[in-house]
Amino acid sequence: MEKRATFSSTTIGLLFALPMLVLIFVFFYWPSGQALYWAFTLEQPWGGGNTWVGLQNFRQLLSDPYYWGAISRSMVFGLGSTSIAMGVALLLALFTDREMRGHKAYRSVFIWPYAIAAPALGLAFRFILAPEAGFLSLINQIWPGLWNPALDGTDAMIAVIIAFSWKYVGYNFIFFLSALQSIPRSLIEAAAMDGSGPMRRMWDIQLPLLTPTLFFLLVINITESFQDSFGIVDIMTQGGPARATELMVYKIYFDGFKGLDYSGAAAQSIILMGLVVLLTIVQFRFVERRVHYK
Amino acid sequence: MSSIAIKGVKKAYAKNAVVHGVDLEIATGEFIVILGPSGCGKSTLLRMIAGLEEISGGEIWIDGKLVNKLEPRERGCAMVFQNYALYPHMTVAENIGYALKVAGVPKAERMQRVAATAKVVGLEAFLDRRPAALSGGQRQRVAMGRAIVREPKVFLFDEPLSNLDAKLRVAMRAEIRRLHRRLGATSVFVTHDQTEAMTLGDRLVVMNGGRIEQVGTPAEVYNRPATRFVANFVGSPSMNLMEGAIDRHGVFVYDEQRRIPLPGALDARLVGHKIVLGVRAEAAKLVEAGTPGSLPATVDFIEELGAGRVVHTDFDGLSFAVALSDAATFETGDPVGVMIDPADIHLFSIESGLRIDLPASQPAHATSL
Amino acid sequence: MVERTPIFNAVCQIVLFIGLLTVLLPFLIVVIAATHDIRTVNTVPMPLVPGSDLFANLHEAWIRADLGRKLLNSFLFAGTVAAGKVLLSSMAAFAIVYFRFPGRMLMFWLIFITLMLPLEVRIVPTYAVAANALAPFQAILDVTGISWLIRNVSGLQVKLEWGLLNSYTGLILPLVATATGTFLYRQFYLTVPDELAEAAKMDGSGAVRFFVDILFPLSKPNMIALFTIMFVWSWNQYLWPLLITTDPNFGIAVTQLKHLIPSEFGLPDWNVAMAGTLIIMAPPLIVVILMQRWFVRGLISTEK
């Protein structure tokens, strides 16, 4: 879409864009370029500049079992929390869309979790899921030692997945509900005239028409699970116990700022960037499909 | 036996009533057109028949069965929506066959019936396309096919032609009529377009403000409008309506210069009363100014229609249209005379808007006001 | 619609109700835990009847996490970031939509691609830039030979330096650039009728006037929506503030949560931790509840 009426002054146009361009140059492109540079060089101890090492940083990284551990944990975390957050949100949105009694209250309350900062809900869930106090400690009273995220890696992973999913149910719910409400009412009515009941309509009409939203959210959720997980992990488990919840971003942070291994962290950043870019491209392939229905 | 019986049906949203107690009997195989301005409740009435709206009061019977509490799928009606409501993610064949699929019709039979239907609506070549790849007219046909394939007892049409361009609309109109003759199913068609209504309906139901104004064949509705509203709404140009009083000679007086003697015997009860008199544009003639018995007027403007013209004249502030088919020429501002055939006038009560029929000869047996 | 599906309706209501409980329960537990004393909060199960120590706990958390200063900083930080995002993205989108200069599409893509570079991913080098925000320009001058030129001509050594660590600027500036806001504005501008710009031109107004007098006021709903989601987003930032502000004077509320984690030794004072959590999570929650319509609208349209 293009405007018919435009202004001709190039200078003024550039001036309007300049602040944004300067900011993205300094804080996006320069650091990204620097990350690339660091990823292929090694910093000499005690100054003396960086020396070119080619793919050595990557080779080292990819032969590091801890890095592969972070990747696979990120996958488990991403897929686990995404499927819970999206599944629950979809169900709630489909049912809320039926506009039964109380749907307005549901519609507003289901959004609340998304307003909470990841570290804040990290702390809240650290208490709720604590083995010796809080809410889930009830389980330990019945079966002592069954639940302990502070010691058991699986429990810790489950805990961070629950916390993250809880927040993103709210986010996904917003999108599912708005997509459902943009389906023309008459389509639902036509299906009712064609003899299908509410459940059948969800399956035959609403779900297929939600596929674009579904793919879109899938990508966003996985991307967010890389980023927004940091606060939750840092507060709830600090990557532990025994690296059981050390996700990719957490490892970058840890290696870069605690281990001061800039080159290693930069190489990890490049790989993560590659992943995010890949997901974004996948998303755009499906955005085309969304247009197709219209 | 009637196919659809509507008894005192009401609809209200919160406290806001949109349909006030409608009664209507529709015979099996009949093509009924519900006509009215937007907001008159015609679509709501149709959607209540379909089961898409709950009924606030009264009863709806379809084929001798009370359907108030039945779901849409249990009523045996098919519906064509204004925006067609085609499922965008299904092909034409899937769209048409969806109702059969839901009903559990085996695949082989389903495909055969879809193919047969596609032939009826002329879509054989497009069965694998998605709605997005169809033209407006083709989408309309898919919507029709989707209704036909189920062989329903009742067809419901909710302004299905209003999204088409004028030419296509005329063509689809003819097609719907042909289809109805062929299938013979009871049809209820909602529209605000009076031409559509006149050409399609066996009977018209004219609605206004949530009430039925008149039920009758197109000719009846046109020739003997039951209310002032119908007189005004049906017919193009609209019927000319004037308010005036009846003097003691049985002459309608609009003003000093414009008097119209009423035909037939004088109804004593009308004398001295204010009343509405209606004349169709086709029932009036233009004559030279000053012709005895004509009403003086000036030409206001002329609408050229190709086959004829409508001359809008001015009665000192009241617009009065006259349809001409001859070649007589007039200019804006010309003084003319308007001649009215007393046999072609309609009278309506000013209070109730109801039609007043004058007795042919015997006096004192007139319809009450 | 006439529909008799009592069983399915009941299932729906039950599922929705369970969903409601799941969403509300964590809030509830946080609030109730914040009202107990240290002993009650550690009993299993924790009593769901609120205790009477809410204000004592809030007070304790307030002191321990220095929340007076930190909340103020948070409001400053989130408000400025959100306002900056609104201003900058409205301007950048204006340039993209209403001008036809060469390189306009390149600009569009440059901004667009930043979507793929979230802060968390490029955190290490961004931190390095913040140590000296002018380093990129210094490097350009060095590489192009300009600094060499200047040194030879004037004898001055060019040394651009602007450290952003431990400053409001460093906290705020890197977060202000936004692709999503630019797209929201771009979409909005595209829906503004062409006639408006034409009429403004006929009335003799230039680009700047048109932007200030017509476009900016027109975009008010957009502004509110974008500000709302960006405020919530900024308030909830964690990693960047954690790194850039080691000086407690510039710290914000969310990073203080770390100081509220109960110690491993002794009886954990979860009551104080939850009281602090309550205070820190309240502002964005209140914003979302009050501005729900705008929040939802902003989210939906930025992500398309």
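Chains here go by letter, A, B and C, matching the order in which they are written, and residues are numbered from 1 within each.
In this section, a residue touches a chain if its C-beta (ideal position, glycine included) is under 8 Å from a C-beta of that chain, and two chains touch if they have at least 3 such contacts.
What you are looking at is a predicted structure, and each value in this text was computed from that prediction instead of being measured.
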More Cb-Cb contact pairs, comparing A-B against A-C, go to A-C
Average the CA atoms of each chain to get its centre, and name the chain whose centre is farthest from that of chain A. B
If you average the CA atoms of chain B and of chain C, how far apart do the two points sit, in angstrom? 58
Provide the C-alpha centroid distance between chain A and chain B, rounded to the nearest whole angstrom. 57
Here the gap between chain A and chain C, centre to centre from mean Cα coordinates and rounded to Å, is 16
So which stretches of chain B touch two or more other chains? 51-52, 71-72
Could you list which residues of chain A touch at least two other chains? 189, 192, 197
Which residue numbers or ranges of chain C touch two or more of the other chains? 1, 3
Spell out the part of chain B that touches chain A in their complex, as residue ranges. 50-52, 71-73, 77-79, 81-83, 85-89, 98-99, 102-103, 130, 132, 146, 150
For the complex, give me every residue of chain A touching chain B. 184, 186-187, 189-197, 200, 204-205, 208-209, 211, 292-294
Show which residues of chain B lie in contact with chain C when the two form their complex. 51-55, 68-72
For chain C, which residues are in contact with chain B within the complex? 1-4
Chain A contacts chain C in the complex at 1, 3-10, 12-14, 16-17, 19-21, 23-32, 34-35, 38, 88, 91-92, 95-96, 98, 100-102, 105-106, 108-128, 130, 132-135, 137-138, 140-141, 166, 169-171, 174-175, 178, 189, 192, 197-199, 216, 220, 223, 226-227, 230-231, 234-235, 249, 252-253, 256-257, 262, 265-266, 269, 272-273, 276-277, 280
